[in-house]
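In structure tokens below, several structures.
Each of the two complexes below includes chain A, the first together with chain B, the second together with chain C.
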Partner chain A sequence: MAHGHHQHHAAEKDLLQLSGKANGLATVLLIVGIVAVLASLGVSMSSGGLKRFYHAYMTGYAYVFSIAFGGLFMLLIHYLVRAGWSVAVRRIPEALAGTIPIMGLLAIPLVVCAWSGKGDVYPWAQAKPAHPTGSWVHTIEESTAVGPKSAHHGEAADSHSDDYHAKPAHSAAHGSHDDGHAAAPGAKPVSALTMGKMVWLNPAFWTGRIIFYFVFFSLVALYFIRKSRGQDTTGDHTVTERLNLAAAPLTLLTFVLFTFAAFDLFMSLDPDWYSTIFGIYYFAGSIDAMVATTIIIAAVLQRAGYLQHSISKEHYHDLGKWLFAFTFFWGYIAFSQYMLIWYANIPETTYWFAKRGATTNPQQMQLLGGWTVWTLALLFGRLLIPFAGLLSRHVKRNNASLIFWAVWILVFHAVDMVWVVMPEYELGFTFGLPEVASLLGLIGIFTGSVVWRLTRSPLRPVKDPRLPESLAFQNI
Partner chain B sequence: MATITTIPHMPVRNGDDIDNTFDDARIRAPLIVGGKGFADVTRVVTRIALEEPPGWWYLAFAGALGLLSLMGITIGYLMLAGVGVWGNNQPVAWAFDIVNFVFWVGIGHAGTLISAILFLFRQNWRTSINRFAEAMTIFAVICAATFPGIHVGRPWLAYWLFPIPNQMAMWPQFRSPLLWDVFAVGTYFTVSLLFWYVGMIPDLATLRDKSKNRIQQILYGIFSLGWTGSCRAWHRYERAYLLLAALSTPLVLSVHSVVSFDFATSQLPGWHTTIFPPYFVAGAVFGGFAMVLTLAIPCRALFGLKDIITLRHIDNMNKVMLATGLIVAYAYSVEFFTAWYSQHYYEQFAFQNRVFGAAPWAFWCMFICNVFAPQILWFKWARNSLVITFIVANFVNAGMWFERYVIIVTSLQRDFLSSSWGMFKPSWVDLALLAGSFGLFFTLFLLFIKFLPIIAMAEVKSIMPQAHAHGHGDPDLDRTDYRPDETAHDHPGGKAHPAV
Partner chain C sequence: MSTAIAEHPTSHASVTEDAGPLPQVAAVMAEFENVDDVMHAARTVRDAGFTRWDVHSPFPIHGIDGAMGIKMTVLPWLVLCGGLTGLLGGLALTWWTNASKIPTPFMANLQGYQFLISGKPVWSLAANIPVMFETTVLLSALTAVFGMLILNRLPMHYNPLFKSERFHRVTDDRFFVVIDSRDPKFNESEVTSMLQKLNPLSLEKVED
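Now for the complex of A and B:
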């Protein structure tokens, strides 16, 4: 206990209020972010048009939303399990979760895209899709048969719109869709499978759900943040107890809604494809990225002179364990999804990996070579290398090496998000300036918002009843 | 600062249960109640192993042995007659055998979760329940391993399950998840057994020191490996324990994931779905905790362990059971949604068939037991009621068996072509083997209760306030400044002071 008291007295003198300069930094980050997103739009218009921009934007969006959501989930779990150690670092996930309303605003371009009727990002959102036709299964076959990059997959598949016999089982079930009406010129093919999902995947219902998700996430996040800040002045321990209770149902609801948000926002980029584990896949990555972000923000704040005695090597060690655990968990989930789809080898689902370059067909590889390398980079960079790197206790307790791996994870989380979104743009490898600009732009807006959030309260809780436990905490 | 140093009043319930389930964020509740000291813990626990067992033990043991004999006889008959005596048929080639296998492997998850993952999470309450949860794990895995062993058809060739070099250059199919199962379950069993044994060494030494009987002294002496309780021994012991915990953690995930691959790598609707690995793991923990509660509630009453396995332990286990049950419910829901969303005719059919089709009773049993029944655990009064907890835990035990039945049998009953449809009806051999496996399980468990330390005494002592000498002197005061995370670090080798 002696050690704990000592730690506590030292921590009481810590610098806890961000200086005024932080507001300026937040503004700069926001402006730079917006400029970068606009630059991405500008560059896209000269190479691929709005469709390219929307995909680039979607990539960046998947990235920052995952981290913001991770912050919310961290808060929920912190209260749900009555954690003690994490009190001292809790303001960081609070700041991350505090950006969720902004994430809702940043989803507006995606909603606009869904309502544009062109199906630039979401093929199901076309006002008058060409249908029914073969799905991507065909498109890959057609494109690679004609030759790399030469086939515009829309036309290729359109010309084979009678080619639906590849799925004899479904043609009977969906015969009612085969009546065929005049599609808009240039409309993308949408398979009969997708036509059957239009009850769920249509702009009106989809937008309604997106609004519901973000209103719900925002309310939960703001509730927890507000209560936590209120406790800074009152020191009322019943606040913690009430949040402990509230966390149980809210964790459940948040997780279920997050799953559907992942389905709606990202899985439906390819409306034919489905994977029951997809929500958990996106969840695993988002928690890992959140932990990495928390480590980096804590380290930056400490280097700037804040929280000197509040956050110790012990807290970094625990955060490092989470980083390791969720790197491994991501790998476990990603492997489960990949291996099961690869092994069963059902065309309706394997093509999703094939168009990401996970293929041994020479012609497809010629077309998708960039994605093959990208997929391997994901395997090694997102799982195997950091797994080995983070294994040791010393790495997690050394600030410099822990920061290195946190940055590493954040880079490869971006690689993952690109891998999820960009292969839906068109067959073949697409990654360039628009994607980089959008990613950095959204990171800028997000980071600016986080800094602004951090200025709004002390950098760690000051009267949380479990604060002494957190300050005195030591790993065995 | 908001901390307090006095524990709120803890009312007494059910006659002699001290209710330590209060929620006060300013203080961590004591995990051992009733003013127990180190010597009390030693006395209560060693007495169970060293003294003559009570009358009910003999009755229970006779019952368990009876069921075990039933299993032995049935297996004998099976060997003579062949697996045709089961209800298995075409298309239902996997039925009770695999259902029972998955059921028992699932139960075998709670032990390692409690001893490994909760250890890494610094959940000190695990110390009161980890020993018999681990024992339960090992016995459950033994029950599980029996079923594939007797399903091979030619039991004298069962060793073909293993990749043993041979002159015929015949190898198992390495690409088959069934072989991965052999490796996964084998590894899990080995590591769990090691973990259980290593953890037990200090307590075996206590039994050796406490026993008055020469044979007991010799046997406990051999198995405690010359344990002296020196600082150096404790230090190495702690290291070994931490390493084994870290090794066991991925195994908790891997075993049931690999079991789920048995189904999910196929193309059968209802089996092939990507969420299976994490969903099976959550289900296993769910079923495992239900079995721990089923065993813990009678044990604590019969052996006077109410101050060691307190209401708070029951409360926490109930919460874990509720949480994992909700994960399972989440997986069911996502499966149903995706079956619709896939717009895949056979996927949709498979899930309709579950609810309304060939054997809907199995689905509804599963649903009521696994999804509906645990919802009562949202309420604290239900979690604190031993009767309700025991009933819910048994609902879950049954529900998890039905879940495997639903997945395995109802999916097989309806093949792609209606000409290949069939039904499954268990034979008396199926039912006798299921009952017999409980005989095997309870026989082993009752022997464990009789001969081994069923509470991890050394670990329990390490989380008692007396283990953290902060110089107050007064044991009552000591307890109140108890900090769960500040254990052995301050006192190297002082994880426990075993010789009391």
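Now for the complex of A and C:
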């Protein structure tokens, strides 16, 4: 079509190679990121110690890993369905996915933490956990400080509000009385439920799995990126065909492993709790944040003079549809997780939400009120407000408004990650400088890596057989 | 189709033939060979200020909306209203059936019933949201489908264009610009000369 040809010719003159300044920018971002993470460590040592730092780091890590993995998803799914429109923007998710090996390296502090034997982040990783005795139900009640007691017995609220504080000592005492099982001093109580899960959740097996996940994700990502780059010189259309074929089994495997990675890395922060939908919950936020990042990177590149005629309003519109769809998908999954747990009303699972402030008990509210506000902020800021905001096509086709919502989603994805990780630090609201510094630090390291990745190849595939289709793409 | 043409033998007389005074021209139809030509023709007709006209093609043409000057449809607003109706309807339904004892007028046996489920309050929003979600989706989808049909005046069982032998190729390899005679600016000779300037493959008056 005439319009398409015109677009194609204009796009051929686009600036496609990031200037040398980008290398400097990447270095600055990396250094700032590392400094911020160290600052987080420093601040943590004066308020809460290493345990606080590990939780703050985990929050930032959950954030950047989700975006990096989202890039891999974008590559897999678009090859899988043979999408044409996205070719012009594909280098951005490629750059995001290209940081997955770095994500593997950034997981090292978590592995170190798991091997330290203190259970700072993962209670199951303690060398000698306090091992309570008693009946199974009794044990559950001990370890699940919020909710279950009132659910079971309906006791007066004030009788167990003290239990929160008394619990560790109380349970540790249980442990030391126990037949010869000596808990390490300061060890956290671990329920019988968790003791049973230690076949799966133990430092050796866990570390093995983490290494396996990251090697696998990295190999898949690098395979797709290398092939795509190779096509830049050869223009070989069989490369696209082979990747289309490879995408089918690899999508399946990658997603099964991603669910397990989410269980191992984040759900096991509380080894008692389980939710089979948790992997998808993390995945939904991951894709949404990745799309938001892609929109912002594309807009920044275009404002810096790159890809002027390669990425059009039509591409932004489609990215906006993704942003809208996965904003709602996140809400759908988050609500599904909440509703099933709320409906079943099983103490072993409801307390996870109670810890996050989803409670009407006045005593608990006093301690957890901060998380109540946080949870409501998620409901409105992560779902209802952006849903209404992104509904209109005019919003998606207007660059300024789309960027606004992309930034909004990225901010509330951080709110979500804090909500997932930080209530596990201790019972009560914890959010402050260490978390902010860790988030910014890991975002710095991640962004630096992405910029460095972007400098390594043309900013859009130059000889992909579907490129003309993508450049000529129109929604209507 | 062929019988219809046989019954109206004058219907496919082309402009160039002198067929004498014709009964009631329903539309003037110009035939084009490719997308570029029909896009150009569409822009010309749009700029001439016509409102009751259409472009027919074997496949969707990107950018035709702009070339024809078609305004944004009102359908999204209808769907929004349908969705909100579904949302509030679902809310009302769940409240009435589960959290009230209000009887239905004239139907003594039908009334809301407060059914206790796993100790939850009878009025629990979390339990109602799946129902509200489904009714929202249902009414949005029904509004989208039927709204689209109504706005497009579908289903349309009869169109004078069906009588044209040439028009059959619209499902194969030909593109048509058709100006309806009910257009307020329609003037047979002016329309004919305007379309003639666009170098169509053929020009045909379609009669009803």
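Heads up, the rule we're going with is that the second predicted complex is superposed on the first by the 428 of 476 C-alpha atoms of A that agree within 3 Å, B and C clash if a C-alpha of one lies under 4 Å from a C-alpha of the other, contacts with A are read in each partner's own complex, and residues count from 1 in each chain.
The rule is short, and it goes like this: contacts are C-beta pairs under 8 Å (C-beta built on N, C-alpha and C of every residue); 3 or more make two chains touch, one makes a residue touch a chain.
Note that the structure is predicted; figures quoted are calculated from it, not measured.
Participant: In the superposed arrangement, which partner chain does A:Q474 touch: chain B (first), chain C (second), both, or neither?
Facilitator: Both partners, chain B and chain C.
Participant: Return first, second, both or neither, reflecting whether A:Y343 touches chain B, chain C, both chains, or no partner chain.
Facilitator: both
Participant: Applying the document's definition of touch, where does A:K21 land relative to chain B and chain C: first, second, both, or neither?
Facilitator: Touch status of A:K21: no partner.
Participant: Comparing chain C with chain B, which touches more residues belonging to chain A?
Facilitator: It is B that touches the greater number of chain A residues.
Participant: Just checking: does A:F328 make contact with chain B only, chain C only, both, or neither of them? Give me first, second, both or neither.
Facilitator: The answer is first: A:F328 touches chain B but not chain C.
Participant: Kindly classify A:R303 by the partners it touches after superposition: chain B alone (first), chain C alone (second), both, or neither?
Facilitator: Neither: A:R303 stays clear of chain B and chain C.
Participant: Using the superposition described at the top, list the residues of chain A that contact chain B and also contact chain C.
Facilitator: 1-4, 339, 343, 345, 472, 474, 476
Participant: Please give the residue numbers of chain A that touch chain C in the complex, ascending.
Facilitator: Listed in rising order, the residues of chain A that touch chain C are 1-4, 335, 338-339, 342-343, 345, 391-393, 472, 474, 476.
Participant: Could you list, by residue number, the parts of chain B that touch chain A in their complex?
Facilitator: That would be residues 1-3, 23-26, 28, 120, 122, 242, 250, 253, 257, 261, 264-267, 272-278, 326, 330-331, 333-335, 338, 341-346, 378, 468, 470, 481, 483-490 of chain B.
Participant: Mind listing the chain A positions that touch chain B in their complex?
Facilitator: Chain A reaches chain B through residues 1-4, 8, 82, 84-85, 169-170, 172-174, 192-194, 196-197, 200, 235, 237-238, 240-241, 244, 248-249, 252, 255-256, 259, 263, 274-280, 321, 328, 332-333, 336-337, 339-341, 343-346, 348, 463-469, 472-476.
Participant: Given the complex with chain A, which residues does chain C contribute to the contact?
Facilitator: Spelled out, the residues of chain C in touch with chain A are 35-36, 39, 61-63, 65, 76, 80, 118-120, 126-127, 129-130.
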